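Okay, so chain A shows up in both of these, paired with chain B first and chain C after.
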Partner chain A sequence: MAGVPEPVTVPARRAPRLLARAARRASVPWLMLLPALAVVGGVVGYPFFRTLYLSFFNAPLLSHVRTAVGLGNYLHAFQSAEFRADVVHTLHFTVGSIGLELVLGVAVALFLNRPFVGQRFLRAMLILPLALPTVVNAVMWRWIYNPEYGALNALLTQTHILGSYRTWLGTPGLAMNMIIVADVWKNFTLVALLVLAALQTIPVELHDAARVDGAGGWQRFRFITLPGIRPALLVALVLRTVEALKVFDIIYVMTRGGPASSTKTLSFLVYDEAFSFLKLGSAAAYAFLTVALIMVFVGVYIRLLQSRGVAG
Partner chain B sequence: MRADAPARPRRAAPGPARSAARRRRQVTASVLTYLAALLLLGFLVAPFLWLLISSVAPLADLIQRPLHWIPPHATFQRYATIFFGADGRDFRFALRNSALVAGIATSISLVAGMLGAYALSRYPSRGRSGLLYVMLATYMTPPVAILLPIYLMLGRLGLLNSVLGLALVYTSFLTPFLTWILKGFFDAIPEEMEEAARIDGASRLGSMVRVTLPLSLPGVITAILFGVILAWDEFLYALIFTSSTAAKTLPVAISEFTSRFAVDYGLMAAGGIVAALPPLILAFALQRYLIAGLTAGGVKG
Partner chain C sequence: MHRFRYLLALLLAGFMGAAVAQNVTLRALFMQQAAYSDSDVRSMTADFEAQHPGVKVDVEFVSYEALHNKIITAAAAGGGGYDVVLFDVIWPAEFAQNHVLRDITGDLPQSMIDQVVPGAWTTVTYDGHYYGIPWILDTKYLFYNKDMLAKAGITAPPKTWQELLDQAKAIKDAGIVQYPIVWSWGQAEAIVCDYTTLLSAFGGSFFDNGQPAFNSGGGLEALQFMRTSLDEGLSNPASTESLEEDVRRIFSSGQAAFALNWTYMYNLANDPKESQVAGQVEVAPAPGDGVHSQISAVNGSMGLGITTGSNHPTEALQYIQYLTSQAVQEKYAKLSLPIWKASYDNPAVAQGQESLIAAAKQSLGVMYPRPLLIQYPQFSTWLQTDIHRALLSQTTPKEALDNTAKQVVQDKLD
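The block that comes next holds the complex of A and B.
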């Protein structure tokens, strides 16, 4: 490090003082990191391990009496049909919204990378869904889906696509897909903006050269565009997947997990367990299983990133 | 038009028929482009536009079947209710609380983030870069995994249902993110500029304040923008940790608004618009910084 003096050139009697100074200098960066470390350790680290600890107890929210149950909460979770159903709901939401967001995001980014009048304006309009608060987005779509007065029902009946009004959020098989649409509308813009930024770093000459060599549109996409946007895509994939696996707000506002628990996700399960049934211990166990699920996904992505990185 | 002229170079012979065909193809292509552009514009804007229309359309027009898309006249009564009426009282408190929480949380995270990012950028070491990844890993922690102990902690400190308590909780997700953004900006400023200042007699802190800070102003603006937008957006912590107008933020108020005034869809829409305006205005006004922040956090990682 630049601040540490060479010990060889230092006379022996001055060494302790200089060593002290070097130590002081070396501690400066740690001192500067202290506030950030205090925040992360105090508000994330400690509660995180505290949750882990709680998950081994039977701990009612409104009482101080806690009894250790070992792995009981986890065993109970794995035997619970409700937990399994909520894992499926969470995966449904995650796979559905991420898939659509990636396809739509890449398509829109490719489109907005072509020059045409109004292209800059459309790029700026991507900010509208992105910056709209999640809860406002949820309220807005709930109003659009309203079974009696909603704009979606009005649009589809007036264009004769639908014969009669439907209860979009009140039908078990349908509600989750409607939430996915609302989520995709807001969040595909993040993918589009990230990919668009990456597209602008691909030199035009590369495409021109490939065209001269006779490469078709698909080949140019496959061998020039895709490698160019892969890092951005992976970042978008990780960011959106983590967000989707911990989804709570849009579901709380749009359906409260209903109808018939068909849109209840893992975060919602933890919330219910802790604040409706007041069972902190099993809520903590469910929370940790959610963390485990996120880690599995992120681990797979990292493996994917590394293997692709070696391959090309 | 001679079809049997392979000897002539292709682009030198744009006969009238061929150029007409090409022009037709170009026209078709640009028609398709603008159709797609229109479709995309509609998709991006229509839902929000409907919220906007709903906020000013008389209720009778909103609950009409078949629905009339453009109301015959506009009413701004709901905005008056929100800003001045008795029914808007809770909403106004929520507006204040959201602003306070976003302000306090962003300020704390900005100071912690700037110091941390500077250390990570100027004194790189293996231990510290490992630390950066630990901080980023906190992003993978779902709020429900830390919610319960924080709830108990805040209760013990008497910070439940308080703006300060909620702001402190928000620093947990803002600080790692702002540190990451600011580190990217600090990395882009050559260290030689600080060294030059130090040779001229400035201290380490002085060179940071007088040289690096002004140069990293775009980074600071970006960090503030993301801090405010993320804090304004947060829902789950606010739902659990607040219980009255003393600390409830806009997302919580909006979610309750919709169950309490479920009959007046217009009022709900107006509330949504008002809650959405601050982040929308910030994001559009500072869109250069928004994109810079997204790509700094994204493309490099």
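The block that comes next holds the complex of A and C.
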């Protein structure tokens, strides 16, 4: 309220004008934010609430006749064996790909943090898989895995590791693991880049001091490196988990949910329900349950961040 | 204020311009898989544009697996979508019920209807109304590599499905090829097409008085046959992740002696640029079981329709009439066969593909339909998943089909 004169000195008839001016001033930030708020509200808010609203209806995609079913769509989801199976597939993909990406990402970052000839070149190469669109990556790996003319079978049979060809994407259980490998190849580099940046903030003196104190390699990693990269790891973890729980494109291209629906994930279920089966209402409910699952993970991560995150 | 007036003038000029020039642009959606190639469709379209000044057609191609959902989302989005769409024989019930396609019954003269192969019209009709014109008259044929058969001492292609397994075993035992048969049994509509062919061969049916009937009799025998062929190592295990194009590649690279596939494979597998077995490929109708049937076939035809949202239905009708016309279909008869009865006796059409025409004359007469359901995509997804479970030994064929039947009854599918 700087600049507003003392109330006593203000003649009664001037008070409303001053109040109006104060109100105008208070509203300036809101006016400035209004365009951004309108955009966010329109692009995020409206679809969000519209989807929530639809999830309480039996809403055919191509008809305006809707019947309210209350929580029916949600209850149906919980009773559906298909939905439960798809939750398991989604978690399988998420845990598998995130686990491998973290381990591989940290290992590669540690390696690239050492000085050696060609280090700069290899660091630049890290960007390559990230720059590849997911669909291109999926098509590439589909060809690599192809049983008859794929590179993987050729490699494994010619080196006599395998006696005969295998159908990598045609076997339930194995198919999801092969998709995970394809996803890890592309996305571990994000983890590696974030961790590499964090590694460079750890002072060399800490390692030197520890070495003088007689600490071994593992101890130095455990007590110096790991605390140093923990914030970066948590950021990577949150980003990758949210992406993995929403996975759709790589699966659509590689297996379309097969074999025997063993690679069908929640996003794929939502897609099928809405656009193949024209059931917008239950698709909306499935979508919200997917969001709920993501929120559970994010909640756990936020607690982790708050308890020992930045402080390390 | 000046700027506003200027804008208004510009808008007005725009409207007047649109009114003066009578240019119409149609948007058409096709598939990039089997049947006519996209270059065929583009050159047909260019000829049409040349004959119809003022009409331009933007053609778009998607994979078959994306076609249904692309049509549906465009319809749901309202105006400005496609004018002409290619649709599969299994969708007219759903599309008619949801007003996706225009009813063009009144635009089709009886004389035209009579000149088309009788079974073709079932592709585009629902409840006695016509929602398009059949364009791709297609079914699955049995392709075989005659050199491989000859090497195993086999003189004629199999007459029954059991004989197919026997011949495959002879070829496998002779060490000619490791897995003699390849199918499109990936989790997609393609596996339902092969299953339907077998179901009809073994005398089964999908529904009987509205109740599921595929989980017993011929329907069950069909799935047991599929499972046996995999268990005995006669069918390529890669089948369970293959679509039609994968089948074509495996067969064309000489890694299979038999394959079930659509018409288009005949000329591509015999084309030296596309195939390592060119000149060795022969085609026959898919066999029967010798008891219920001598040959078998699935109706895999597709039609061209006009969307209800189209602003240019007259031009769209001209376009689909042109694409389905006898002259155009006979000119492009290498990858897809015409819908017209007279074409099958035209020497120009048969030239160079006599055995394909001979097989087509038999197969097109016995094309068996997949069930006519408004919620067909839901039914098909359940069936694909359960057939897969049985093929991958997660369950028995009987349990698998019972499970689909149970879901159909539970959800009161119509």
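Here are a few things to note about the model shown:
The rule is short, and it goes like this: the second predicted complex is superposed on the first by the 272 of 312 C-alpha atoms of A that agree within 3 Å, B and C clash if a C-alpha of one lies under 4 Å from a C-alpha of the other, contacts with A are read in each partner's own complex, and residues count from 1 in each chain.
Following the convention adopted for this analysis, a contact is a pair of C-beta atoms (placed from the backbone, for glycine too) under 8 Å apart; a residue touches a chain by one contact, two chains touch by 3 or more.
Everything numeric in this text was worked out from a predicted model, so none of it was measured.
Of the two partner chains, neither chain B nor chain C is touched by A:69.
In the superposed model, more residues of chain A are touched by B than by the other of chain B and chain C.
In the superposition on chain A, A:275 contacts both chain B and chain C. Judged by the touch definition given at the top, the superposed model places A:236 against chain B, while chain C stays out of reach. Look at A:148: by the touch rule set out above, it reaches both chain B and chain C. Applying the stated contact rule after C-alpha superposition, one finds that A:258 touches chain C and leaves chain B untouched.
Contacts of A:179 after superposition: neither chain B nor chain C is touched. Residue contacts after overlaying the shared chain place A:127 against chain B, while chain C stays out of touching range.
In the superposed model, A:285 lies in contact with neither chain B nor chain C. Contacts of chain A with chain B, set against its contacts with chain C after fitting on chain A, overlap at residues 146, 148-149, 271, 275. Across the interface of their complex, chain B is touched by residues 1, 28-30, 32-40, 43-48, 50-51, 54, 108, 111, 114, 116, 118-119, 122, 124-136, 139-144, 146, 148-149, 151, 154, 157-158, 185, 189-190, 193-194, 197-198, 201, 231-232, 235-236, 239, 242, 245-246, 248-249, 252-253, 266-267, 270-271, 274-275, 280, 283-284, 286-288, 290-291, 294-295, 298 of chain A.
Listed in rising order, the residues of chain B touching chain A in the complex are 30, 33-34, 36-37, 40-41, 43-45, 47-48, 50-51, 54, 62-63, 65-67, 69, 108-109, 111-113, 115-116, 118-120, 122-123, 125, 128, 131, 134-135, 138-150, 153, 168-169, 171-172, 175-176, 179, 204, 229, 232-233, 235-236, 239-240, 250-251, 254-255, 258, 265, 268-269, 272-273, 275-276, 279-280, 282-284, 287, 290-291, 294-295, 298-299, 301. Chain C makes touch with chain A in their complex at residues 65, 68-69, 72-73, 75-76, 94, 98-100, 178, 186-188, 236-241, 246, 249-250, 253, 255, 375, 377-378, 381, 384-385, 388-389, 392, 394. Contact residues of chain A toward chain C in the complex are 60-63, 146-149, 164-165, 167, 169-172, 175, 255-261, 271-272, 275-278.
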